[in-house]
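What follows is a group of structures, each given as structure tokens.
Both complexes shown next keep chain A, but they swap its partner, so chain B is in the first and chain C is in the second.
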Partner chain A sequence: MNDLVEIVGLSKAYDERTTAINNMTLTLPRGRIIGLLGPNGSGKTTLIKMLNGLLVPTQGSIKINGFYPGPETKAKVAYLPDRTYLNNAQCVSELLDYYNDFYADFSRDRAGEMLTGLNIDPTSKMKTLSKGTKEKVQLILVMSRSADLYILDEPIAGVDPAARDYILRTIITNYSPEATILLATHLIGDIESVLDEVIFLRYGQLVLYNSVDNIRMQHGKSVDAYFREVFAC
Partner chain B sequence: MAWELDADRPIYTQLVERIQMQIVSGIYQPGSKLPSVRELAAEAAVNPNTMQKAFAELERCGLIVTLRTNGRLVTEDTDMINEIKQNQAKEYLDVFIGKMKELNYTENDIIDLINKAIAR
Partner chain C sequence: MLGKLVKHEWKATYKLNLGLIAILAGLTILGCLSFCTPLWTNAFQDIDAGFTFTDLTGIMSLIFYFIGIFGVLWGLIIYLGVHFYRNMYSSEGYLTHTLPASSHQLLISRILVGGIWYLILQVLIVLSIFIVIFSMLGIMYRAITGEASLWTYIMQNQDEVMKLLNEVFGSMYNMDAVAGFLYFIFTTILGAFVFVMTLYGAITIGQLSAKHKVMMSIVSYIVISMIKGIIAYVVALPSLFYVTNDIYSGYSSTTISLNLINVLINLVLSVGLYFISNYIITRKLNLE
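Right, the complex of A and B next:
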């Protein structure tokens, strides 16, 4: 099973008027860091939810490792949502235990090392941490799993540039040639040198799937600049 | 600290240029071991696949040699390194002389100015 994700004729309509994903066909290989880019409302979050089995397609299919979204895929997909779902009242070490219990592939040691490296006190309660620190804790939990597909939804929004650098470095150094990272973000310029390939979505449709270097070569500009051109308002 | 890269050119060509420059200027000595793809990618803040591609290109032209079990070494072929260095110097000189001529300096003027600049 060489391709990680196979999407065929995928559509998601919330009602007669709202089609969030429109007839998408796309194959994602292993071992890549892929940017999922598009304006607000282009269908990124809907696609991400369907990959996670949180929404069901209205038409077409998604397969991850040859399985439809379900227990087999959830064991192999690590999801970092853009809004935290973690219990604010819990402290960091309790969250480590929770993840450890829940996921067979979670490495408590790796997570612990990263937290120590950032001077995050494991006894601190989530609600006492700053927004940026909470984001780092979330990211550490997700990246300490050995998943086949990591889906990171806006992992660097709302944090300072130094924290962004740390987060990107964490993503790069945890990169595995067997796994793929799907990164949805608006901060294209910040991350494009970390991406292998990018997906452009518009109105729920696939507009482009190409490598960063190809885009730069073909258009003589950065992906950020090209995006602004394609999606000019 | 992330490497400074132009946003409008392919990343992989810039990585090749930069590592080549580091080899040619002696930052990585002939025969010395290079950091791993992963380490260098993290330092440069780029995708490891792209760094891998850059390494592959440098291997292809012989500037880097891969040992099966022991990582990558800079070539010991100092002739090759010197040739690359000279070609790069020639490029810099061509640009410099071109610009000085645009300013209408004669060849003797240019030599004078260079001597003065070196003496500073």
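Right, the complex of A and C next:
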């Protein structure tokens, strides 16, 4: 069971005209940071939702650690959605309690250290925090888990460049070598340095799955530049 | 896992519900005070002393009490609905549905906590109305008999009170006081959970609409209530004819059988709604 994620013949159609993912087959190994890249409407979020058990495939299957998406996979997948999803009425420490109660792999100490590092007061209510700080709290909660798979949907989209550096540092320093990070973003230039592999999606189909080094060697350009070439309008 | 879900659902809802209980306590005091104006004592003693500003305040307080009671109940219903929607189907749903819990555990925890709060508020509202009525009866008793305490009278005449209760429950359920009270408790508990399931089921069905989820939820609730009403009416029709034929002896037993049928209809529809909700969550849900 070396592979972490097995996707076989996966399709998702919202209706007869809208096919978000079309017959995708893909295997993701352990211990990689993988960029999930594609233009708007390419099916990134649909794929992420299916990996998290938030959407049911129309056809095909997904297995994570050998399990179909469900309570067993959710216990080992740490997901950061592309929005603020925490209860605004709660304070940060209550959220730590929440994660600590539900996720056996959550480390309160690690979360505490990261909060201290960012000068975030655990007694602060979420509603009193700025958008960027909320995103940092969300990332801290997710990265304080010792998950097998981290799925981060646009983790750096809404924050300033200084915070981006911090977030990327947090991601790199807080995951175990056995875990895989799947990172969806439009800001390829900012994350390219941390990626091992990239997945290109277009119209719900897999265009490319290759290592960053191979792309650089084969095409003689950065992933960002190659992405712009492949998806040129 | 279910225990943890229930614990956190309770933690997330207790503050506002305690606020509602505090408002209810305040309203109950206001309701009791509204009978302290001379109007009531004079009325019970058949004295025409005119209508003063204090009397008007008392009447207004009583009206405010009853409006407030409805406000508390509707406040709870709206809060439970909004909390369930936010927690399950808005952005908070991204966390809820990625917890390592099954859809059954998620649903049961919400129904359990929502049902318990609805039950607590219902019981407290009945208790509040009872306290207000009792305070009114106390004033009436003092005005008519000149004795100090209605409570002392009740304690001294427990047999008569039990006989009265037996008659009341007898006419309602064709049972003695204890059996009738237990039946009342059972239907109240069941009713609370049935109501919450209907509310949550309607909100969940509303998620099938792509653009008008709230409107679809409200329409679903109305349709479910209509279906319940129609089934209850159709089932009750033959019994109603029976009542007309033999009104006195038939009424009590008809009431209880109609009541039981109603309970059964609600139970079956709630179980159906539960499984529909679970199906929607597991197969049809697409969080925005």
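FYI, the second predicted complex is superposed on the first by the 233 of 233 C-alpha atoms of A that agree within 3 Å, B and C clash if a C-alpha of one lies under 4 Å from a C-alpha of the other, contacts with A are read in each partner's own complex, and residues count from 1 in each chain.
Throughout what follows, contacts are C-beta pairs under 8 Å (C-beta built on N, C-alpha and C of every residue); 3 or more make two chains touch, one makes a residue touch a chain.
Keep in mind that what you see is a predicted model, and the values were worked out from it rather than measured.
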item	value
Partner chain in contact with A:216 - chain B first, chain C second, else both or neither	first
Which of chain B and chain C A:101 touches, first, second, both or neither	second
Partner chain in contact with A:161 - chain B first, chain C second, else both or neither	neither
Those residues of chain A which chain B touches in one complex and chain C touches in the other	none
Chain B-touching residues of chain A, taken from the complex the two chains share	31-33, 165, 168-169, 172-173, 175, 189, 192-196, 212-213, 216-217, 220-222, 224-225
Chain C-facing residues of chain A, complex	14, 49, 52-56, 70-72, 74-75, 77, 79, 81, 83-87, 89-90, 94, 98, 101-103
Sites on chain C touched by chain A in the complex	1, 4, 7-8, 11-12, 87, 91-95, 97-102, 282-287
Touching residues (chain side chain B, partner chain A) in the complex	2, 5, 7-12, 38, 41-42, 45-50
